[in-house]
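Presented sequentially are two complexes of subunit A, the first with subunit B as partner and the second with subunit C.
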Partner chain A sequence: MRPERLVVDPTACTAHGMCAELFPEWIQLDDWGYPMIDSGDVPPDLRDHAERAVKMCPALALKLRRGS
Partner chain B sequence: MALWYLTRATGGVALVLLTITLVLGIVDVARLSSQRTPRFVVDAVHRTASLFVVLLVAIHVLTAVLDSFAPIRLADAIVPFGGTYRPVWVGLGALSFDLLLALAVTSLLRARIGVRAWRTVHWAAYACWPFAFMHALGTGSDIKPGWMLWLSLACAAAVALAVLARAAASYSAGVAVTGVTAVLAIAGLALALWIPAGPLANGWAKKSGTPSSLLGGKR
Partner chain C sequence: MRHRLLAGLPSPHPIGLATHLELHGPSPLLGRGGGDALIAELEAAGLRGCGGAGFPAAAKWRAVAGRRRPVIVVNAAEGEPMSAKDRVLMTQVPHLVLDGALLAAQALGARDCVIAAPAGVHAPIRSALRERRAAARPAVRIKVEASPHGYVGGEESALLSHLEGRAPLPRLKPPFPAERGLNGRPTLVQNAETLAHVALIARHGAAWFRDGGSGGIPGTALVSISGAVRAPGVYEIPAGTPLPDVLDIAGGRLQQVRALLVGGYFGGWVGGAGEGLSFDDASLQSAGVSAGAGVLVALGAADCPVAETAALTAWLADESAGQCGPCVYGLGALADLLGRIAGGRTERGDGARLTRWTEMVRGRGACRHPDGVARMISTAGRVFATELSEHARRGPCAACGRARLLLTPRAREAATA
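On to the complex of A and B.
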């Protein structure tokens, strides 16, 4: 499987913070509740968590992108 | 006979679960959470409860159609007001069911249709619940004994409280609370006048449109 990174669409994000609750290994919130995301490739054993965070995002702002 | 009981039971449980779904949806949109119930828990329970409502209503509809007591066709569960058994009150249930299906399908396809379209359709939840509630009161065989009436009213109280809380938390709280309070007051007054004169009064079975051939034998 090709490596993938988590990215957030900053204009779509409305700071619900659900992604940080679901995937704290990779996502932390800044002081205003917006996500700060580890820019590296998501390791295969954490992929399920990444996918769940993407699926549960209320604003559909979080996405998994193919990395280079 | 067993099917008829199943229809009534699933209807009652579906109303309670639909109430839980609506209240949790409002809790979710108001971004309320606590240490023990973080946001994703509220959201997950809201989604799961809603799917259980779809399942229960499917059983509710199928058993009502299959049971030989009331002449209800499968079409009557989807096309409102066309039936021969309590058409208005079964029709409200059909309207509620249609909205429920629209809500479920758009939610399952949310990633494809986008947040904006999904959100627009999701406002229909505020119509879905009252239709289900009126369907329960008007069609329900268990209103007169009381327990289903009180259960339904408890559900209504929960919804009223949640809607008020959402209005109070909105940007234009003043206008929203006034509007919502007015609507709730009118609805409450209408119910207080209608319930004793309608479902609790003698002859409701006939008045609500039960075919006269069914009225002889009590069930």
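On to the complex of A and C.
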């Protein structure tokens, strides 16, 4: 499978914080509730978590993009 | 040094087409393969964008080359309050910028060009266009449009949104304008000064351009110098000029200089008059700053660096396009925090908070606005460490009550009214 990384569209994100709850290994919230995301490729064993976070984002702001 | 971009100036009128041709000779016509050759020449010249980001021009052109129905956008929005170089180019030597835009159109096969500039400079641009239409049938449709107001309005994706009739809000990249720009078409957005350099590189070549500059920033650069100097204004300097000498070009110092703001409001502070630094990439990078849009503001010893930094941060926070949470809340928090430090109303942990939040906002927006503010604040933290901790402990200093040096557009209008 192609390496992919998680990215957030900061113009769409409204700080629900769901992603950080679903995928804390990769996403942390900043002091204002917005996600800070590891910029590396998501490892295959964490892929499910990443996909779930993308699917559950209420603002549809989280995406998987082709990585390095 | 002889002027290149500003050759023929000062002049009581804008340089007309006839004088322009006398000064510079005709602009070359690009034949078959001429576009690729010009791009190679821009690369050999090491030309970088002069609007602020300093992206290599050749790479930008290559990203558009070969795409269908491209558009050229001349960016003369100049939202940087202390910068006036694009205004000088558009009002004094518009033909140089037009040459560059038309060369870009030829090289990339564009039939459409949009010049985005403040409404106040449209008259000389239109008059230059009329002169050209009278001389020859134009091969490119050129429209002149009003650029958006506001600090981030000149950011290329925000500018394109504005030209499409929408609010001037930066877009998340990718897609880049080269892929999907104005109305979805591949678009080269290039700063006015960059295109003026293109006009001269196309005539004289890369070797000529590099001659007179240093390795990092070749050729000459336009700088807008203000603050504690005798003759503030726009000057053309050889790249690589030591920063203290740049102040001499602007008539010398009015008082002892405490620090220089380099690049623009998104740029950074260096201590003193920039002793040991010169106006080239490598040297400026060693101090954590960049040439940016060519802005240099000299902060005098009588000005308060803490009050200036706090006021500047507050203004920049206010100029956020308001789209991205980390920019809105992060810059807002930083502005409040610096206001507390300047007023001596600090709370426990504020020092650590300043560092934490400055790092936290970097890379978190659709555009680089938060990154620029973070850089300005982190260089202030380094250069003004003593003054910052003194203010935190004792509150406002004697200089805090002085009029602010770093003017926001509204303050400047009021000052010149």
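Simple rule for what comes next: the second predicted complex is superposed on the first by the 68 of 68 C-alpha atoms of A that agree within 3 Å, B and C clash if a C-alpha of one lies under 4 Å from a C-alpha of the other, contacts with A are read in each partner's own complex, and residues count from 1 in each chain.
Rule of thumb we're sticking to: contacts are C-beta pairs under 8 Å (C-beta built on N, C-alpha and C of every residue); 3 or more make two chains touch, one makes a residue touch a chain.
No experiment lies behind these values; they were computed from the predicted model shown.
Peer 1: Taking subunit A as the common reference, can subunit B and subunit C both be placed on it without clashing, or not? Answer clash or fit.
Peer 2: In the arrangement built by aligning on subunit A, the partners subunit C and subunit B fit side by side.
Peer 1: Name the contact category of A:58: first (subunit B only), second (subunit C only), both, or neither.
Peer 2: The answer is first: A:58 touches subunit B but not subunit C.
Peer 1: So after the superposition, what angle do subunit B and subunit C open up at subunit A's Cα centre, nearest 10 degrees?
Peer 2: Seen from the centre of subunit A, the opening angle is 120 degrees.
Peer 1: Touch check for A:30: first (subunit B), second (subunit C), both, or neither?
Peer 2: second
Peer 1: Please indicate which partner A:11 is in contact with in the superposed arrangement: first for subunit B, second for subunit C, both, or neither.
Peer 2: second
Peer 1: So after superposition, what is the minimum Cα distance from subunit B to subunit C, given in Å?
Peer 2: Here the least C-alpha separation of subunit B and subunit C stands at 16 Å.
Peer 1: Residues on subunit A in contact with subunit B in one complex and with subunit C in the other?
Peer 2: none
Peer 1: In the complex formed with subunit B, which residues of subunit A make contact?
Peer 2: Checking each residue of subunit A against subunit B gives 12, 16-18, 21-22, 55-56, 58-60.
Peer 1: Any idea which subunit B residues touch subunit A in the complex?
Peer 2: 28, 31, 38-40, 43-44, 110-111, 114-115
Peer 1: Which residues of subunit A touch subunit C in the complex?
Peer 2: 9-11, 13-15, 30-34, 36
Peer 1: Which part of subunit C faces subunit A closely enough to touch in the complex?
Peer 2: 169, 171-172, 323-327, 329-330, 333, 356-357, 360, 364-366
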